[in-house]
Every structure is written in C-alpha cells, then in structure tokens.
Amino acid sequence: MIFDYVYSIVSRFVFSPLSYIISFIIIAILAVIVTAFIPVFIGWVDRKYSARIQSRYGPVYVGPFGLLQNFADLTKMLGKRFIATNIDVLAFNFTPIVVATSSFAMLLLLPLGAPGLEFISIPYSLLFVYTLLAISPLLLLVAGWGENNKYALIGGFRGAAQIISYELALIIVLSSVALLSGSYSIPAIVAGQSSIWYGLYLPVTLLIFIISGLAIIEREPFDVPEASQELQAGWKVEYSGIRYGFFLIGDYVRVTVIAMLVTYLFLGGWLGPVLPGVLWFIIKAAIVLMIILTPRWIFGRPRIDQLIKFGWNWLLPLAILNLILVELFVVL
Amino acid sequence: MENLSEKLIKEFNGKLDAIKGQNNLNIVALKNKKLIKKLSWEIKNYFDILYTLTVVDYSPVFELNYVFSNYENDDILIVKVNLDEKDLSIDSITDIFDSANWEEREAYDLFGIKFNGHPDLRRILLPEDWPGHPLRKSFEINDEVRHWTGLDLKF
Amino acid sequence: MEHKDRIRMNIGPVHPAMHGVLKLILDVEGDTVVKAEPEIGFLHRASEKIAEMRYFSNYYPIMDKLDYVSALNMEILYASTVEKAAGITISERATYMRTIMAEIQRIMSHLIFIGSLGEDFGNLTSFIWALRERELLMTIVEKISGGRLAPMYMCNGGMFYDFPEGIDKDILEALDKIENKVKHEYSAVFTKNQIFLSRTKGIGIMTKDMIKRYGITGPIARASGINRDLRKVSPYLAYDKVDFDVPVEENGDTYSRFIVRLNEILESIKIIRQCLKQLPAGNYKTAVPWIIRIPKKDTFVKQESSRGEMGIFLVTDGSDKPYRLKLRSPTFFAIRALEELLVNVKVADAFVIVASIDPVMGEVDR
Amino acid sequence: MEESNEFSYPGMSEVIFMKAQKFIDTVLNWGRSNSLWPLTFGTSCCAIEMMTFGATKVDSDRLGVLFVGDSPRQSDLILVSGTITKKMARRLLNVYEQMPDPKYVIAVGACNISGGLYHDSYNTIDGIDRIMPVDAFVPGCPPRPEEFLDAVRVLQKLIKENKSKAQKNGKS
C-alpha cells in the first residue's frame, strides 16, 4: 500500500496532521503521473496497432517511434480556446470533471501489478471500481442534456440505455467471481487462484465479462452512443479542448482498467512461475489489452436495438445462469 | 417502335408530328401543349419511366424534350413540346410518371418553367434566394453574378 | 409543433457519413425516422451551362468531375455522344481500350462503394482496405493516362495516348490481387460477418414497383430483380464481343445491393481479361480536328456507368460549341427514393441505406 | 500604438514572465503543429483524394493528422477540399465558426484557390480566401495525395514560427 508507505516516511520529518496532508498531495501527484502515462502510452499502442491492421505506419515523427504523439494531442488541447453556445454550464462541465476524477480514483484503488502496490487499499475495492465504471449512464445523460445538441441528446439516451442493459450482467459476473473466492478485495481474489485460474474453468464468465466490460466503456463494437458515422461524436459532440482531452484520458484509463480487472479476476493476476509477479502481470495485461483493442478495428457497429436485445435476451440470462451454477459449485 | 410512333400519331390526328431521320431516335412533336397529359397516359402503356426532361432555350420559344424509356428493352421515345416565352407553363405529368418529379423541379429551377399541378414546385439545385433562371440563354454570367456569395461578410 | 416528441435532424451537407454533400432532413421519434427529405444542390457547379461555353474538345475535364469516382465512364460517355453526333467512327482498338478503361474505373468505383458502406456501419478498416486495393488500379490508370482521379484520357476520336508497353501484365497482376482479396478477405469482413449481415439483410427494401416508379437504374435496380444492363441490352463499345453475366439479386435490400456490386467487380475483372486477350492492333485514335462543328440535330446517348444509366442529350446548332447539353444522371433519381426508403427505419440504418445507394453528388447536382 | 522615445530596460519579473510565456508558447506550438486534427470538409473530387491521404499509401497519421471524423469542436484544421458552391458557402462559414481557436485552413484544389475549371460558372465561389483566411493552398485538380503532406508540413512550419493566420490575428 503506497499511501501507508509514503505516510510512514513523511511522518518521520513532519508532525502528524500536516504529514497526512502532505502524503495525500504526494499520492495525488504520483497518481496524476500514472494516469497521464496511461493515455499517452496506451493511446500510442492503440494508434500504432490500428495502423498496422490497416497496413499503415501510424505516428512516426513525434518523439521516438511517435511515442509522444498523444502527449502532443493533449498539449494542443490545453491550448485550445473554449467555445460553446447555449449550454447548461453546470451539466456541461460536470461530465468531463467526473470522468477525469473517476478515472483517477479507479487507478488509486487497483493494485498496479503486485500485492500492496495500490495507492489506497480498502476491502471492497472491486465493488468501488465497479461503481465508478457504472456511473457513466448518469454522466452521458447529463452531458447529452447539457450540450443542447440533438446528436448529443440522442447519443446520451443511447448510451444510458446501452450501459444500463450491460452493467447488470457485469455486476452479476463480478459477484460470481467474488462468491468463488469469498471476497471483494482483489488480492484475496488473486490469492484464490493460486491452484487454477478462474478463467480456465469459468470461460463463459470471462467472455461475458469482456463483452459487458467493452459495452460499459463504449469501446467498439459497442460505441453506439458516440457512433462517429451517424452522430458525429454522439454525446461528446460539443466538447472541445481539454474537456475532450479528459474524455480521451478517461477512455484509455477505462480500457486499461478493464484489461487489469480481467487479469486479476480470471487470469491469476501476478501469479506465475519463475518471473517476478509484476512482469507476469504486465505480460498478461498486455495480451488482454491487445485482445480488447482489436474488435474496434475489425467489427462494425450493431444497431442500438440489436445491442440492447442482445444484452437483455442473451447476456443477462447467461450471467444469471452462470451465477447459479457457481453458487451450486460453491455450496456443494 | 416505328409502329408506336405511327400509332400515336394516328391517335392524335393532326396534333402530333413525326420527326424522323435524326440518329434513329423516335421523336414526335406535340403541337398543343394541353394534350401532354393525355399523351402521357397513352405513353404509359408502353413506357415505364420518364428518362429525362431536357429544356432547350430557342428564345422566344422553349422546347421541352420528354424522353421516355422502359425497363424491358432499349426503346426510347422523345416528345417535343414548344412553349412560348410569354406563357411558360405546362401541365405536370408527375401523377402519371412519378420519376418526373425532380426533373420538373429542375426545369423550374433552371429555366423558370411552371408545371401546373406539381405537388412540390420549389427550387432544387440553387438556393431559394437565387435571382433569375441561369440556364436561359438570356442569363448573362457577369461579374455581379460570379461574385454574389449570398453571404453577409464584413471584410 | 404538433408532435412533441419529434426531433428534426438536419444531417449534412457536412457530416462524416454523408456521401459528398447530400443533406437529409430527418424527423426522428426516439431512434426511428418518421419522415425523411433529401435535399440536393450543394454541388451544383453549372456543368450544363459551362458546356455551352466550351468547345466540344474542351469539355472533358468537366465530365471528369461529374461522377468523380468513375471519371473514365463519364469521359467515354461524352466522347461517344460527340462522336455519334459528329459522325466520327473510332477504330476497333479504341473501342477495346475504352472498354478496358471503363471496367477498370467500374472496379475502382465499386471498391469505394464497398469501403464506404463498411465505414458507415462503423468499420473503418474496411474502408482503408478498399482504398488500398483501389490504389493498385490507380497506379495503372496513372501509368496509362498520367492522371489519377481525373485522368483526362479520352478525346474526340479515341484516346490521347496508346497503352504503354507491358501494361497488360501489370493490369493482370493487379486484377489477380484484387480478385483474391474480393473473394477471400472481403467475404471475411462482410459476407461472413454476423454484425454486417444483421445490419444489412432486410434493411431498406426496394421493391420492383418502387424502382420503376422512381426510374432507378443500374446496380440498385438489379439488386431488386430487374435484369437490365445497358451493356447487354444495347451493347456499345466492345461489350457484344465479350462474355459476361449480369449479377441480379431478388431481395432488393441493402445486402443485395452490396452483393450485386461485389459480383460486378468479379464480372468486370472477367471482361478486362477477355478484352486484353482480344485487344487488336491498330490506331488508338482517329484524327479529328480540335475544333469541330456539328450540324443542327439532337443526339441522345445512354451508357451504363458504375452507378446506373447515364445519358447525355446533346443539342447542336452547327457551331463549335454545344447549344444545350443535358446530363441524365442515375443517382438523381435514386436519391429521391430516399424519402420513401428511410421512413420507419432506425437512424443508424438510414446512413447504411444512403451508403447503399452510393450517390456521388457531383453527378446528382451537376 | 504610441511610440515612446525613452528606452527602458524590462524589470526582472517582466523578463521572467516573458521567458515563461515564450516557453509556454513553444511547448503549445509544438503540440499544435504535431497534432492537427482535420475537419474533413470534402465536397467533391478532392474529397476522394483526401481520403486517400488518410489511407494506406500516404498515411496522414504519420504526421499526427488523425482523421477522427468527429465534430468541428474537436478539430484544429479544416481541409476544404472540393468546389464550394454558393449554397454551400454559408454552411462552410457556419462550420468554420464552430471550430474553436486556434484554427487553421488548408484550401485544397484549383476550385478553392481561384475557381479553377469552374471559374466562369455562375454558382461557385472563386477561391475560398474570399470568404475565410487560408493558411496553405494545395494546388492540383485534384491534387495528388502526396501534396496534402506537403501542405501539412508547410502549416506545421508556419505554426512553429508563429506565422499562421490564427496566430497573426491573435487567436491562439
């Protein structure tokens, strides 16, 4: 636990109440660095990877191998002027701020590759992360309303409908994993997989988790709310400058979070022979990340009614059935 | 096809002229523009669609060329109708040939020919506030026309 | 407003999914379109008026920019019209060369269609792949004519240049590659892709009656079971000397329109191969003076362009310029069908249907 | 501007402020020039070549020109490719005004430079610099996709040297 570690160091030099605040500030700075690193690096991976699929090069000139490309994008967004007309100021600004802070919070709660390497540890971290992921329908509706734009409104409605129909499946799947390990805390879940990974004997659960996870973070093929061909950018259509940059950061952070969750819940986290745990974790998470990034570039986009029908008619019953089976398994 | 134009000419005795010998096209000329609807109903038996409608400005006369075609074979029939400059109006044939709808709107837009009974006779290609009908021979493309942007610019 | 839960969406003329500058005014209830009205005219460049100011030989660049996705088809149509009006006969080699160029252009145009259809239901990769394959043929057009999108290759009486040495080998090589991709890769991305099937099958159905009512021709009509292709009905150029089929589908939905065009690519490949085999020696050009005068007459020529039946009504009066030139464009008629076609579909499907019509606004607005 | 004859040295704080401002400008210009997200205002023939510019052979993404295909709000660069007719001109201006500053314009094709083929048409705008400030022109009818790369390079250079129209007009 990084916070405790920092606090123990700081409290040697500064008296108690102040040291608490100082260590919070240090943690915040560290978290910002980590959070800023993720969109820059994962975004670069995404762009390069998509370029390779499309037999292109992708960014080349900015930094070595174009590594700084997304950093340049964010820098540019900082320097953009703000432009919007007839917006609901509160609703308009609410969404990017919450997206940014919830992305921070998710990374604060998740262990970064080894037990004890999380910024703040609480016993129900998994539930908390789920809550932060599932906050989006509210955000989408508020943003779509606040932007005073028809595309955004339709996008917001679509997004809320989509996420509500998939988040139920996600929480049920999470519960079945928690049931199996007897805990909502990630280290305990990982420790429960020391004999065999949950993903190996719960492959259906893993599949449901990935699908509903993709739907919740609106990654293609589930990007119906922002459907750039129909709704331009859907509920993001009016956002410019760094507000849009927050969404960019939020997008990539949430993709990373889903990849990390898959690794922790189903692929044994940092468990693995010979190599150190962190390395194992990075290898697993990278593979999962690549798998998650791929559908965007090879699938089209289903229609919103097909998507929701799939969610309610297939995914949710399957998840419930899965939960019952796991429960039976645990009880017997 | 020769039969068709002859048959049509017989039916509309005196009102329809045959023009032959031009690139093997079936061309008939309709003398009285009020008969265009009757003729269209007759043509509907043989042809499916209005292929295109060409207006030619021989001021003071505007010549309308209705080109009919069908899906089964290669035949086309051209019906020529002359309109006088003073009375640029003719009955619309949209209720007979639905494909004439936008062609007639285009003729209205570019030549200013009124089609009586057209369901939605508006400009189709040019902005609503465009002055004049540009494809007429009398329309002169001068600097004023070329520099008109329809915008209220300050610089 | 009487309907309180209706939203009016003005889509286009600037919209990532709009083909060119088509504007759609959609009345939307929830996610369903209840009323649609296409609006055109945003690319009306006055091609017909300009024709009255240009010599017959100087009008080719404008023809190029009409249907800019299949520019060579347009050039060939105009050349045929002028030659018919002026009584110029072209050599047999020229007809074969024109057939080859027309079919190359048809493949390129259909590739763009396939790509943009893929893009409109969210698959950007298919679009970039289609452009990649198109680039193979683009290189060949570049080698032959020197131009890319607007090649300016045809002229009155034939072509400006002969085929360069060894081009047939290049063409065959490119065709092999494209045939391979179309048969294998595209079927994986499109015809075997469940999402694509669910997005296109049974969507935007055009009945035979609707096709005839609106006067729609070309691949869209053939997708609805109307077996009409001017290349077969009234063969021009060298189409009566080659063997090819006309792909026809019965359903009339978006999927059929896609399959018809996909199969047309394969048929075009067949035609080009035969033409290259039969290509006779001889003149590629009949000597025609740059400025010609055509006596007073009406000429009407129609040909099968990649989008349907394109026609030119040429009125000449004995001068060196056309007196009136009217272009009959196929998508001008097809776009009007959108008012009926888009009613009661989902907003997302509306875009796929528009893409399946494959409009090129340069040709619609002229 | 009033001219003053007296010459005074800037104070320490002013120097630091100016230096800091210059540093921030340099960083921002670096970001701006390397991340030009285009709004693809494709109306006609040039639009097809513009797509080729983003596709396999030429690949605009190498220069950071990412075709997001999104709204004007998120774009920095408007690629006006294709003839602008009079009906379209007001839409073009409308879209241009929806883009946040600093924004740049590249006019593609002969029609947008001078009218080109359609110079004697009654319905086209002869050169869009008549209605909006243009940073770079791409000649050709239509231009080859490689020429787009050149225009982007020119624009990047202009931005880095603080010479683009947006920066000159104080809108950065």
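Letters A, B, C and D name the chains as they come in the text, with residue numbers starting at 1 for each one.
Please note the rule applied: contacts are C-beta pairs under 8 Å (C-beta built on N, C-alpha and C of every residue); 3 or more make two chains touch, one makes a residue touch a chain.
In UniProt terms, the chains line up like this: B = NADH dehydrogenase (Ubiquinone) 30 kDa subunit; C = NADH dehydrogenase (Quinone); D = NADH-quinone oxidoreductase, B subunit.
From a predicted model like this one, the values you see are computed outputs, not experimental measurements.
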| item | value |
| --- | --- |
| Those chains which touch chain C (NADH dehydrogenase (Quinone)) and also touch chain B | D |
| Relative to chain B, chain with the most remote C-alpha centre | A |
| Inter-centroid spacing, chain D versus chain A (mean Cα positions, whole Å) | 35 |
| Between chain A and chain B, centroid-to-centroid distance (C-alpha), Å | 62 |
| For chain C (NADH dehydrogenase (Quinone)) paired with chain D, centre-to-centre distance based on mean C-alpha positions, whole Å | 32 |
| Chain centre separation in whole Å, for chain C (NADH dehydrogenase (Quinone)) relative to chain A (CA means) | 45 |
| Junction residues of chain A, two or more chains touched | 54-56, 151, 228-229, 232 |
| Residues of chain C (NADH dehydrogenase (Quinone)) touching at least two other chains | 16, 41, 44, 46, 49, 128, 132 |
| Residue numbers of chain B (touch at least two other chains) | 126-127, 134, 141 |
| Those chain pairs that satisfy the touch definition | A-C, A-D, B-C, B-D, C-D |
| Touching residues (chain side chain C (NADH dehydrogenase (Quinone)), partner chain D) in the complex | 13-14, 16, 20-21, 41-46, 49-50, 53, 61-62, 64-65, 68-69, 112, 127-128, 131-132, 135, 148-150, 361-362 |
| Contact footprint of chain B on chain D as seen in their complex | 86-87, 89-90, 93, 120-123, 125-126, 130-131 |
| Chain D - residues contacting chain A, complex | 27-28, 30-32, 34-35, 37, 55-56, 59, 61-64, 66, 68-71, 73-74, 76, 98-102, 171-172 |
| Residue ranges of chain A touching chain C (NADH dehydrogenase (Quinone)) (in the complex, touch as defined) | 50, 53-56, 150-151, 153-154, 157-158, 220-221, 223-224, 227-230, 232, 297-306 |
| In the complex with chain C (NADH dehydrogenase (Quinone)), residue positions of chain D that touch it | 40-45, 47-49, 51-52, 54-57, 69-70, 82-83, 85, 87-88, 91-92, 95, 117-118, 120-124, 141-142, 144 |
